[in-house]
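In order of appearance the chains are A, B, C, D and E, and numbering begins at 1 in each one.
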Amino acid sequence: MDPVTIDTTKIKTVKKKPVTALEKLEDTGLISTVLAAREREGLILFSTVDQIFNWARLSSLWPVTSGLACCAIEMMAVAMAHHDIARFGMEIFRASPRQADLMFVAGTVTKRMAPRVKQLYEMMPEPKWVIAVGSCASTGGPYHESYAVLKGVDLIIPVDVYIPGCPPRPEAWLYGVIQLREKIKNEGYGAKWGLNK
Amino acid sequence: MNPAEELKQKLPAAVVSTGMQLNKPMAVIKKEELLNAAKKVKEMGFDHLSVITGTDYNDHFEVVYNFFSYEKKQNLVLKVITDHDNPEVDSLTSLWKGADWLERETYDLVGIKFTGHPNLIRILLPDGWVGHPLRKDYDMNTEQFVTMGEGGEDVVSTDGGNLLRRK
Amino acid sequence: METDELLINMGPVHPSTHGVLRFKLRMDGEIIKECTPVLGYLHRGTEKLGEMKTYLQFIPYTDRLDYVSAFPNNYVFVKAVEELAGIEVPLRAEYIRVITMELNRIVNHLVSIGSLLMDLGAATMIMWGFRERENALQLFEKLCGARMTFNYIKPGGVREDIPEGFIPQLNEFLKDMEKRIEDYEQLINSNEIFLMRMKNIGVISAQEAVNYGMTGPTLRGSGVDYDLRRYEPYSIYPDLDFKVCSRPEGDSYARYIVRIDEMKESLHILRQVVDTMPEGKIVSNPKYGIAPMTGTPSAVSTYFPRIFTPPAGEVYSRIEAPKGELGFYVVSDGTTKPYRVKIRSPSFCNLTAIPKMVVGLKIPDLIAAFGTIDVVLGDVDR
Amino acid sequence: MIANAYELIVYILTLLGVYEPVLNIFQLLGIEYVLKIIIVLVEIGILFVFVLLTVMFLTWMERKVVAMVQARYGPMVTGPRGLLQPVMDGIKLIGKEDIVPAKADRWVFTLAPFIVFIPALLVFIPLPFGQSLIISDLRVGLLYIIAISAVSPIAILLAGWASNNKYSLMGAMRAVAQDISYTIPLALAAIAVVMFTGSLSTVDIVNAQNGTWFGVIPRWFIFLQPLGFILFLIASIAEMGRIPFDFQESESELVAGFFTEYSGMKFAMFFLAEYAHLFSVSGIIVMLFLGGWALPILPFVPAALVQLVSLGVFLVKTYAVIFFAMWLRDTVPRVRIDQLLNIGWKIMIPLALLNLLVTGFLITAGVF
Amino acid sequence: MAWISKNWAMGGIIKGLIVTLKHVLHIGNRPTVTVQYPYERMKLSPRFRGLHAVDENACIGCGICEVNCPNGTIQIVKYNTKWYPQVHMGMCLFCGICVDVCPMNAMKMTGNYELADYTRESLVYGPDRLLFNKEVKQ
């Protein structure tokens, strides 16, 4: 994997409420792709498809319901009233991985659970993304010395965004989601299918 | 009256010694007499088996039972000492159903066998895991991986080749 | 006609197993004939890690056992260590500990009831429950700087004193919470569909419950009026006025009602604690007695030694956590690290009774009964 | 008098002065039936677009209503107040990989979503949206509706069976059991209405409700048939498969019910069908019991606007019913499958029969 | 009939419907509580334990934090001719023990929780990103 390289320093967080029409477009996720399309010459039509599909994908990321440990409780908190992940159109937690686009690996991946997490990931249809939430999923975290814990979920499945925290507070979580949206914004259509040059 | 002393009076043959586990009365029981002693303990009104645990002391194992009586509001601790090579004690599942999983867990993590247990298999770790982690001589350096076999059962091996993405 | 048994694997990734529990079900049509829980998908080896960490380093790990109610976990390990080393705790610290633990009981029951209702198909209750939980978590964050994993209670006291503005915010929370519990009762308690789903489901008699080693609200729902806060008092509970809630029926509905009542009782306790809170020190030093300093950020680091060696010995210490009897069995050999840590977790022991409770019921009933047992997998598998 | 949407289109075209010349051209060529077909296709196209837009709006509305009950906002970022959210969901689902499980029956697996989706559209044919906004006034409209909605259990069963997944199969079996047991009280409650009108035609049913008693109370059947209305409402919520009766997709028990294995566009079709069903069933409730497009003030509306106003009245009533369904969903838990069947067979059907009996008796006695 | 009236009077459901309707219509002090994160934030406690920060002048590189860290998150590395801690955020428990044990009070924990990143390597926060008088993020 890894057809997309992103310069992390260029990505900034949206901090103030969008006022102008251009800012609103940027907030919803369309404008960056437009700019990217202008840069890529000779692919105007293809890029329009890019824009629309990327916009659709980043606006409707449906996570799969797979809480593993402590972070799962914060995952519930993210979906609940105070933080409301529904604002990004992500409140449809699908129990069936077939209908999901995004997997939050929320919690410790033990060695016994690892093949199942991997299977869950493989059951998801392309294009799909993974966010490793919390120290345990990123590197094994507190339990990385333990005999029963996998040292990071990226050993078994590709991870797009890591969110440190133990567990990360919901705002940190939403920040991670925004980072993923930025990443999808800059992807080419079919990047996940290996069609990108 | 101290329930440990009471137990010693009733079953002098079973109790090796009495003492205190900090503030709880404790009786050290002979390995062979455990089931008898437990029966007597249950008759004495200790209906709540709080915890079963085993500890590895390098040369011997200790199995500790904590009881509580809902009527008398009393605690009692039973302790059994077994040898290190073949740790085996009687199962208490016939008296307390709650002992079932606690004994399985002790078997799983410490490796003490409970004779008479109806279903003594690993509970927390998958079948086929090598070693009992809470023993002091457990090998922490060899990584063991679990993969999925037919029908969703766990298969343990030291080779995680088909699980890991990269070495 | 020839019929065949249906084998169903529920979990480990299933929306209503509260994490990664797996049920192996042998079904006759829709009726459960045999239910075998398969544990261990979240077994993280905490007990082994306990042997590898010093006493102070192990405290953060206790937070992650029962992550919905971390304060009691924190407290019981510290209590075991304090008993082992004979450390005396200042009164104010005990009051703060009780505040945290009772708040955590409310939080735990909110999550428990919410996820039960979500499993039954009503998503509103969990949203409301988490809304109030968020207010409580803001209190926690104000107090110790984290929302779920606190590392706040330390041997000899607590990490930091109560910050300014904490008590008024707590009072506001208590006032608000009362109204909200009324809301919940109005929404759920007399809902006919809820009653149909909960009454006479997962019945377990008092005798069986005791025999299975069940504790906490699950035991009190079966009519055993037993609470460690009352009968083996610790901390400042002997001075407080509260009643032990229990229901005789032993079904899922009784366990649910016990939880609602306990939340009210916790509010009552909190009001008393806030009213009678003494001034004073928040940490004591095992070597020098009570430390002559309060309220500064690094009180513990200054007055509590980084290297801490309790005398050799063993202790089994237990308290009434929101889910039941939570115990830590700690063996010290006089070094800086525990020789053996054993965690007696309430979820693990309560779960023992599930195969007995659900035989003859249907899958939806399994979910209802399982939801009222209130299991957190971190606590079961450790 | 304009009878249906076809004539309405012809009428509008005539008003615009377009119809006559075009018809002349076609008559010259001797293929005037082609014009008819074109107009019918336009009609169907409008309906299709309308249904799609409605479904999209409904998913948005559902999420917003849930959010309001739960003290939050719901979709906000995509489009103004998140209005573009369903569009984005749709586009995303088109772009998703389409997985057919290895052990599934490919042909049936692919067929099932279409069998669910097409009846969901067909139900709209005899549904009167306004005074003459109806695709076709079938003489047996009500029978047609009940017959068409009986197709969807078959598709659900196909989908559940073809997926080769235990959860899917169980979900499908449950859904079918539920559908069958609730179609009967549904039909029985509807028959009581038919006894008043003496006609199965949907237009006649609405026309019978046009007007008032004593100049105040609208002549809606809900006032004549309160029990019938409640039975029909409960049965149709079960028919729609919504909480408290959402056994097709009981998430906490059966993962996602019969469409557990579906992904991408096929899943979207189930999704569309579900919401189209929600709208059509609400429309049928309105048509049968709440007077359809009829409103006492309708005779005072200027003739030019009457179509529009009647459409508006119908939509407002329908959305009120839909809001009730969403509101109920956010309040109650799900009942158990055997309890559901118990309610259906042991309470609803006897009550529906009783209702029928009393109605028949009263009509024979000449009370009405 | 008695059974029906007892079980199917639906009084409970109607009660529940009233409560939820109150929420929809915002009756009785039940406002929408959502904090719209990227534009507005919750008030953060000053004690919040987020990203570490190290006082460049106070830190003596003694390594007490390294020893006391429960899971070996902290490493002492050489930076600008002095020794400073380097924290692996992807492994950190955010327990605050390193702050407690620091003999010079050089270790702090800031309220910065926006740490999400694309690669595992970028989660390692070296002294260049931890030291006080430097900007934490560009």
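Everything that follows uses one rule, which is that a contact is a pair of C-beta atoms (placed from the backbone, for glycine too) under 8 Å apart; a residue touches a chain by one contact, two chains touch by 3 or more.
Being a predicted model, the structure only gives us computed values, none of them experimental.
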Given chain C and chain E, the chains that contact each of them: A, D
Chain separated most widely from chain D, comparing mean CA positions: B
Chain separated most widely from chain A, comparing mean CA positions: B
Cα-centroid distance, chain B relative to chain E, in whole angstrom: 39
Whole-Å gap between the CA centroids of chain D and chain E: 48
Separation of mean Cα positions, chain E and chain A [Å, integer]: 19
Gap in Å, rounded to a whole number, between the CA centres of chain C and chain A: 32
Touching two or more other chains - residue numbers and ranges from chain E: 8, 13, 16, 19-20, 32-34, 36, 42, 70, 93-95
Multi-partner residues of chain C (each touching 2 or more other chains): 14-15, 40, 43, 45, 48, 60-61, 124, 127-128, 131, 134, 149, 187, 191, 193-194, 196
Numbers and ranges of chain A residues touching at least 2 other chains: 80-82, 84, 87, 95, 112, 116, 142-143, 145, 147-148, 154, 166, 169
Listing of all chain pairs that touch each other, if any do: A-B, A-C, A-D, A-E, B-C, C-D, C-E, D-E
Residues of chain A defined as touching chain C within the complex: 65-70, 72-74, 76-77, 80-82, 95, 107-108, 110, 112-113, 116, 120, 142-143, 145-149, 166-167, 169
Touching residues on chain C, where the partner in the complex is chain B: 9, 39-40, 43, 45, 47-48, 51, 83-84, 208, 210-215, 224, 226, 231-232, 313-316, 318, 325, 327, 329, 331, 339-340, 342, 344, 348-349, 351-352, 356, 381-382
Sites on chain D touched by chain A in the complex: 63, 67, 70-79, 82, 84-85, 87-92, 95-99, 251-252, 255-256, 259-264, 267
Footprint of chain D on chain A - complex, ascending: 27-29, 52-53, 55-57, 59-60, 80-82, 84, 86-89, 91, 94-96, 98-99, 101, 125-127
Of chain D, residues touching chain C in the complex: 66, 69-72, 166, 170, 243-244, 246, 250-255, 330-339
